[in-house]
Structure formats: C-alpha cells, structure tokens
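Heads up, there are several structures right after this.
Below are two complexes that have subunit A in common, paired first with subunit B and then with subunit C.
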Partner chain A sequence: MGAAVCSAVVAAGVLLSFAAAGSVVDGVLDPTTRTVGLGRRAGRPVWETARLLRQRRRSTVAPDALLWRGGTAAPLVIALLMAAIIPAGATAAADPLVGVVWFNTLDVALWLIVWVAGWGANSVHALIGGYRFLAQALAYELPLMFALTAPAVAAGSLRISDVVARQHGLWFVVWMPVAFLAFLGAVAGFSLWGPLAYPAGRDIAGGVLAEPSGPDRLVLAAGRYALLAAGAGMATALFLGGGAGPMLPGWCWSVLKTAVVLVALVAVRRRLPVLRADRVMRLAWLVVLPATLLQLLAVSVIAVERS
Partner chain B sequence: MRTAAFVVLAVLAVAAGITIFTVNSMARATVALAVSFVAVGAAILLIDAPYLGVITILMMLMEMGIMAVFMIMYMMNPGGLMPMSMMHNKRGAVAISVGVFLLLAAGAVFAPWPQRRGEPPADPTRALGQALMGSKMLVMMIVSAVLFATIVSALVLATGRGRYDRDTPAALTDGQQS
Partner chain C sequence: MVMSARLARWATRRPHAILAVAPAATAARLAVERELAALGGVVAVSAADADVLIVVGEPGDDLSAAIENVWRQLPGPRARAQILSADQARQALAVAVLHLGDEQQVREAAQRRDEWRPTDPAMGNDKGGHGDGGMQMPAGLMMADRGPDRDGLKLDVLQVPWGPVLADWPAGLVVDLTLQGDLVQRAEARVMPPAGSSSVPFWDADAGAQRRHRHAAAHLDSLGRLLAVAGWPGMAERVRRLRDGVLADGSTRELREELSRTGRRVRRARTLRWATDGLGVLTDDLVRQAGVSGPAARSVANGGDVTARWQCWLAEAERLLQPDAAVDEEGPRGRRAGDRPASAALLEAAQHLMAGVDVAAARLVLASFDPDPDELLAVTSAQVDD
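Then we have the complex of A and B:
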C-alpha cells in the first residue's frame, strides 16, 4: 500500500515537472516575447504561477460556480490519472489489464469536462469554446481510438507493459507511422493545442480560457500542459519502445523520449494555423480515419502472420 | 474492503440519480447522470471485469457529452441556468420509479445466486470476448465493418452540403448565380 502511494506521488511529480518543462519550452519559443531576455522567458511558469496565485479571482454574472470550478480543475486530474499508467522504464504507478482503454476513457471524459468548463462560466465566448471542443472531439476521437487499437492488436494485449514488451527490437512507430501521427494529433486535440486550439481560439477571446482567472486559470493552464505531457508519455510507451535503448537505464530513455515528443508537440503550436472545427472534421473523417483504418488492417494482417 | 467500496459507489450512483431530478439546470442534470454512470462503471470494476467497467464509463461519458448538446438544444428554456423542473406527472413518476427500484433491488437481493465454479481466467477481457463472440467472430467483424461504412456514408451524404458548404467561393454565391 505504502509503495503504491509512493509511486503514485512520484508519477504525479514527474508529470507536473514535464508540464512545467513544456511551459518553459513554450515560453522560450514564443516569438512575441523575443525582445525579452531568455532568462525571463524560460522562467515563465514561475512568474505566471506567482502572478496567478496573487491575482484576485474575477467572476462573471451568475456563473454555475460548481460546474465551472469542477470543469477548470478536472483536466489536471485527468492528466494525473493518465500519468498513473505511463511506465518509466519498467515501472509504472499502476499497470491495469486494460491500460489502453483506461487512457481512452480518460480522454473521453474531457468531452464533458471541457464543455462544462465552458458552460459554467455563463459567458458567451467560453460557451462557444465548450461547444467547439465537442465538435472537434467528434473529429479526432475515432482516429484516436483506431490509433490506440493498432498497438494493442500488435501486442495482443490491452496492458501497457505488454505493449512495451512487444516492441522489443522493433518500435511500433516503424510499422505504424500513421497511427503514431493520428495519436499525436489527437493529443493536440484533447489538450486544446496548436492547430486544434480552436476551442480556446483567439477569435473568441480565448474560448474556454476566456473567463477563468487567478488560481482557477493556473490549474486550467497546468492541466493543459499536463495533458500534453501525459500524451507525450503515452506516445513513448505505445509507439517509441518505452524504456528501450542502449547504455542508459530504462527510465532515462523513457524520460528522454517523452521530452523529445513533448518539445515537438509544443513547437508545433505556432508553426501551424488553427483549424476551424468543420475543416478538422473533413480532414479527420475523409483522410485520417480511412488512413488509420488501413493502418489497422495492415497491423492486423501482420499480427496474424506473426502469431 | 470491497463491500465498503461497493456501498459507497452504490449510494453515490443512487444519490446522483436522484440529484438529476432535484437540480434546476440541464447541465447539472447531465453531469449528475454522468456521475451516476461512472459510479456504476466503477462498481463493475469491483467484480474483476475491468474491461466492462472501464468501457461502461467511456461510453457513458461520451454519451453524456453529446446528450448535453441535444438536451439543451431541445429545451424550452435553453439557458438552463434558470429554474426548471425535470418532473412531469410527479406522483405517478415517483410511484413508478420507486416501484421499479424496489422490484429490481428485490430481484438482486432475493435471487438464488449460483456459487462460483472454477477459477477466474488470467485475462478476463479475452475470456469475455470469446464468450460473447467465439464462434460468431467472422459475422461480427463483417457486420461491424458494414455498420461503420453505413455511418460514414450517411454522414458524407448528410454533410455533402453542410453549413459551410465546402467553403468554396462559388458556393457562397449560390443564390445569386441564377
């Protein structure tokens, strides 16, 4: 029992460190602050945390406070629950029999959570943001499900440790590149990030990010970076061989690979335009979904041949 | 330990279920229903059926997310933050729901449950899949592909001329071309 609590605390600490690191990278890459010194840009999570903790909470007229607070705090909780099953090397806080489905369930929980965060504020921009998230979720969710199915089919198991073990010698990314890319796209989707940041778009004053202030905003922003970090960790475990690598110990490789994926995800933010939900829908259902299905077919045929 | 967890989850499920009819906002009713379903899914986890439990939570949360949109869309009071009641024909509804609850609970309590035979399998998910599909796997696979193709083609047909109409400039001036 003590060991389980200990490893859960470690997982939470690692996730929050990655979230902070993602925020640092984002601060450094932000072109609008190029005139500011590198030290101040890199220290952005610290200054932002201090500023938001001191900021007085601003409210709207007649918000649904319970749902609003719940919706802004829950993304961080979801990211922590995801982190519980992400292995570092050979160890994870938990390794349930249905780890892949567990991850999928948590990301589906964000459908209701982000919508509720937009709804609760009783503000039109936030509300539009919440509805946009649902529209976009309809687009990215099915490709994500099939992208998650591919490694599970190849490993013949829904347990994350089995998926990692099956990649011995050949990482899944080599023969499932489409599933890997669809997965990363979906991570950007449920983190409201980069080209899929439409629910938090500038055209609606930040959408679901428009109204939260002070500690609420801090928790929501941290949750967003934590979701990105959890997605990067899961991509490492499912497609990049987990802790496999020469010389260094397993956990070291897990951390390194997760960091590389996370930096790539963060860097994409200002290099791609934000897509409107209907365009995301068309892209997802007409291009990505058939591509992931073909990927899954190929993986299934290979898996049958191998067994 | 398990019994305690079950009692907590069962009470949570029923309490959240009752909450649906006492809150005065559609959004809160939806969230209460979602909490109730999550508690039921977690209770299924207690009988060592992890796949069934987790997939129940997944399906129900997804469903609630979509349902919220439609519930609010069809409400006479779309704001939802204004006072409203989910109840019509209050006395009859209470009588029916309490009656059904007692009937089902009595069934669960008084039914002669069989004793476990044999050991639980190492991977309950695989055993479940075999038990459900086993000999009918080929049929199920074909049917699922056909169903999925139907959904996709229905969507393509329905959205061929969607709200944004493929955002080609010509389409925007459709009405004025003639």
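Then we have the complex of A and C:
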C-alpha cells in the first residue's frame, strides 16, 4: 500500500516536472519573443506561476461556479490519472489489465470537462470555445481510438506493459507510423495545443481560457502542459518501445524519448496556423480516419500472421 | 516579506498587457507593441488574462466608458498607463510594470469585489418586447430572446458587442453582433472616436518614397493582423517585424529579401489556405454597391475571397518596396470618394459579408478588409452605420 502511494506520488512529480519542462521549452522556442534574453525566456514557468499565484481569482456575472471551477481544474486531474499508467522503464504506478482503455476513457472525459469549463463561465467567448472543442473532438476522437487499437492488437493485450514488451526488437512506430502520427495529432487536440488550439483561439479572446484568472488559470494552464506531457509519455510506451535502448537504464530511455516527443509537440506551437474544426472535418473523416483504419487492418493481418 | 517581494519581482517579469487603442494613435500603438516585446511582456487576449491596461491615444467619451468597463474586469494586481505618443511608450510601460510589483497592489486586489453593471448592453438584457418580463434571472439578467435560424429551428439570440478593446482589432471599432450559437446573423459596425481632432491617417502620411513605404507597411500591418486572427502568431510576428523594419529603414535589400522569403512561406501554407479559401467572397456587385476600391477591389479578379485579399497585400507590399516603383495616387485602403474614405466602403462590405458565417470566419472576413479607423474619423457615425 505504502509503495503504491509512493509510486503514485513519484508519477505525479515526474508528470509535473515534464509539464514545467514543456513550458521552459515553449518559452525558449517561442518565435514571438526573440527580443528578450534566453534566461528570461526559459524562466517562463516561474514568471507565469508567480504571476498567477499573486493574481486575484476573479468571477464573471452569474457563472455556474461548480462546473466552471471543476472544468478548469479537471484537465490536470485527467493528466495525473493518465500518468499513473505510463511506465518509466519497467515500472509504473499502476499497470491495469485494460491500460489502453483507461487512457481512452480519460481522454473522452475531456469532452465534458473542456465544454463545461467554457460553458460554466457564462461568457460568450468561453462558450464558443467550449463548443469548438466538441467540434474538434469529433474530428480527432475516432482516429485516436483506432490509433490506440493498433498497438493493442499487435500486442494481443490492453495492458501497457505487454504492449511495451511486444516491441522488443522492433518499435511499433516502424510498422504503424500512421497510427503514431494520428496519436500525436490527437494529443495536440485534447491539449488544445498549437494548430489544434482552436477552442482557445485568439479570435475569441482565448475561448475557454478567456475568463479564468489567478489560481484557476494556473491550474488550467498547468493541465494543458500536463496533458501534453502525458500524451508524450504514452506515445513513448505505445510506439517507441518504452524503456528499450542500449547502455542506459530503462527509465532513462523512457524519460529521454518522452522528452523528444514533448519537444516536438511544443515546437509546433505558434508555427502553424490554427486548423478550424469546420474546415478540417472533411480531412479528418475522409483522409485521417480511413488511413488509421487501413493501418489497423494491416496491423491486424500482420498480427494474425505472426501468431 | 522577502518572499512576497521576490514573488512580485518574478510575477512582473512577463507582464500581460491589454491594449485599448483609440483611433488616430497608430504611431503610438506601434511603439507600444515594440516596447512591450522588448520588456518581455505579451499582449493579453482578454481582461482576465491582463495585468496592465495600456490606453493608447486619447479616447473619446464612449471609448473611455468602454475602457473603464475593461479596467474593472482586470483581476488585479493591476496597473494602467496612457500613452499619447511613440516616445512616451518605453517609460510609461516601465512605470506601469513597477507599479504592478507594488505590495499595496495585492492588498487592494484582495479587497476588491467584481462589480457588474446590470444595465450594460454587453450582457444582452436591454431588449424587451418579447413578453418575458418577470422572467428575471439571477444577477438581474434576462433570458435571451429566441428567433428562427437558417435551419428553421428556434434558437437563442444574443446581442454581443465585439470590441472596442480586443486583441488584433482595429482601433476603436465596435461591431454589434446578433449571434445564434456561434453564427453571426447580423453585424453592425461603428467607430468610437478619439477625444482630439483627426489628422492625416498614419498610413497615408508623408510624400514620395516615404509615402510608398508607408503604404507597404500598412499592407504588412494588415497582413500581420490577419495572420494573428488566423491563429498563426509566429508568422504574424515575423510580418510585423518586417513592417517595423520598413517604417524605420524604408526599402533595403535585406528587407526585400526577407519579405520575399516570408511571402513564399505564407503563400505555401496550405493550412492557411484551408482557413481563408472561399471565405467572404467580394463580388463585382458588392464592389459597386459599397464603393470598394484599392487592393480589396483589385483582388476580385483573383476570386475576391479572403485568400485573394491577403495575397494582394503581399503582392502590393512587394511591388511598393521595389526601388523604382511608382507612387500611388490613392491611399493604401483605396480611393476617397467625395467625403467618404476608402475604409468606409471596406467596413460596409465587411459587415455585409460577416452576416451568415460563424464567428471565426467573421473575424477573418473583417481582418481581410482591415478598415482603418484613422481614415474613418472624418465621416459621421450615421454614414458608417449605413
């Protein structure tokens, strides 16, 4: 029992460290603040945390306070629950039989959470942001589900440790690149990140980010980075062989690979235009979804052959 | 005490500033954008996100009232500054940030309650006549009216003003939207005038080559704003740096090369095309009806959509920076027809094309016309409302 609590605390600590590191990388790579020095840019999580801790928590006219505060805090909770099953090397806080389903369930919960965060503030811009998230989720969710299915089919198991073990000798990314890319796209989607930050768009004053201030905003912003970090960790376990690698210990490889994926995800921010959900829906359903289905078919055939 | 002083120092390293820009203060606005970036600050997108309110120029009564409304919504600790001319920007910003770090600020913020004005039209409660008197909602709000939408359903109708304090938005412009969901049913634009008298619009000032460079910078300013609205802040920043370069140095070789590199990147961006293709199509009829001239009218030949308009800005900026380019007779937004400036026609066309599309598309349509409020000052509000 004590060990379980201990490993859960470690997982949470690792996730939050990755979230903070993601923010540092974001500050360093941010193409809009080249005029200030490197140290100033890299310190972004410190400045922003101090700023938001010092800031007053503000309200709006007649908000649905419970849903609004709940919706702003919950993305971080979801990310923590995801982190619980992400292995570092051979160890994870938990390794349930249905690990892949656990991850999928949590990301679907974000549909409600982000919508509620937008709706609860009783503000037009936030409300539109909430609805935009639903539209966007409609585009990425099915490709994500099939992308998650591919490694599970190949491993013949929904348990994350089995999926990692099955990649011995050949990482899944090599023979399921489409699923890997669809997965990364969906991670950006549920983290409201980069080209998929449509629900938090500048054109609607930040959308779901329009109204929270102070600690609320801090928790929401941390939740975004944490979701991104959890997605990167999961991509490592499902597609990049987890802790497999020469010389270094397993956990070290997990951390390194996760860091690389996280940096790649962070780097696309601000460098691509936002994809509007109504415009990319056709792309998602006519190109990405069939592509992930074909990927799944290929994976299934190979899995049957191999067994 | 030491701890809170350190927290304050850290907290002011990356101040978020919301800009409230009055018309006829473009030079000051450009200086504020530049100095804020040099300070390590960022432009806030909403009042909740802001620590500093920067009033640029001299707002008139209406605009001042709107700005006070925004000021009340800043969570605090908060500071404000008014910047009337470009050379004040650096010092005024530094003072505001210093003030932000004051310990008094935290105490003041803790005691403050959010105040709301129940008569504020922003809350959508000032339209009666639907027989739902007595249906008082909490906080004195009324239920939204309902009306038929394009699919034959009855949906809530919201009256929402856009602007005048909004990121990447023309100075002092207000667009009163009638929204159903995120669909714009009606858009009516007006400009809140500044306190002082108007002068020659910034983008059309000077003569000869300088005036030509101003025009090129005007197109780059418009393009930067459009890219920001399209959610591409990295490229928006690059275009704005080009704009500042052109205003400072005119047409140098490095700037021309950088512009052609930037132009290639923007033209190649397929995802930008997805967002702007086929949107807000300006037809010959509408050109005549609204009296549109300038780049917007010239882009009709290339399809007349948002894409055609931003491509036209890019092409004209490239042309105007050629050393031997001719100086245009007309302003960057087009010809003045009698006492009706080119931007009045742009605004009319924009508000016509904003109706019937969703909020994201409507903002792109408006940004693709980018009417210049500095030009609009000479007209009465009745003409603009037309």
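The definition used in the following text is that the second predicted complex is superposed on the first by the 307 of 307 C-alpha atoms of A that agree within 3 Å, B and C clash if a C-alpha of one lies under 4 Å from a C-alpha of the other, contacts with A are read in each partner's own complex, and residues count from 1 in each chain.
Keep this in mind: a contact is a pair of C-beta atoms (placed from the backbone, for glycine too) under 8 Å apart; a residue touches a chain by one contact, two chains touch by 3 or more.
All figures in this text were calculated on a predicted structure; none of them were measured in a lab.
J.: In the overlay, answer first, second, both or neither for which of subunit B and subunit C A:198 touches.
T.: In the superposed model, A:198 contacts subunit C only, not subunit B.
J.: Who does A:285 touch here: subunit B (first), subunit C (second), both, or neither?
T.: First partner only, subunit B.
J.: Tell me which partner A:112 touches in the superposition: subunit B (first), subunit C (second), both or neither.
T.: first
J.: May I ask you to decide whether A:67 touches subunit B, subunit C, both, or neither, giving the answer as first, second, both or neither?
T.: In the superposition, A:67 touches subunit B alone.
J.: Between subunit B and subunit C, whom does A:137 touch in the aligned arrangement: first, second, both, or neither?
T.: After superposing on A, A:137 lies in contact with subunit B but is clear of subunit C.
J.: In the overlay, answer first, second, both or neither for which of subunit B and subunit C A:98 touches.
T.: first
J.: For A:53 in the superposed arrangement: first (subunit B), second (subunit C), both or neither?
T.: second
J.: Between subunit B and subunit C, whom does A:44 touch in the aligned arrangement: first, second, both, or neither?
T.: Second partner only.
J.: Of the two partners subunit B and subunit C, indicate the one touching more residues belonging to subunit A.
T.: Of subunit B and subunit C, more residues of subunit A lie in contact with C.
J.: Using the superposition described at the top, list the residues of subunit A that contact subunit B and also contact subunit C.
T.: After superposing on chain A, subunit A residues 62, 131, 276, 278-279 contact both subunit B and subunit C.
J.: State the interface residues of subunit A toward subunit C in the complex, per the touch definition above.
T.: 31-33, 35-36, 40, 43-44, 46-48, 50-51, 53-62, 124-125, 128, 131-132, 195, 197-198, 201-206, 209-214, 217, 270-276, 278-280, 283
J.: Can you list the subunit A residues touching subunit B in their complex?
T.: 62, 64, 66-67, 70, 96-98, 101-102, 104-105, 108-109, 111-112, 115-116, 119-120, 122, 131, 134, 137, 141, 157-158, 276, 278-279, 281, 285-286, 289
J.: Which of the residues in subunit C come into contact with subunit A in the complex?
T.: 7-8, 10-16, 37-40, 42, 45-46, 48-49, 51, 73, 75-77, 106, 109-110, 112, 114, 116, 123, 137-139, 141, 158, 160, 166-168, 179, 181-182, 227-238, 269, 271-272, 274-275, 358-361, 363-364
J.: Can you list the subunit B residues touching subunit A in their complex?
T.: 25, 27-28, 30-31, 34, 50-51, 54-55, 57-58, 61-62, 64-66, 68-69, 81, 123-125, 152, 155-156, 159, 162-164, 167
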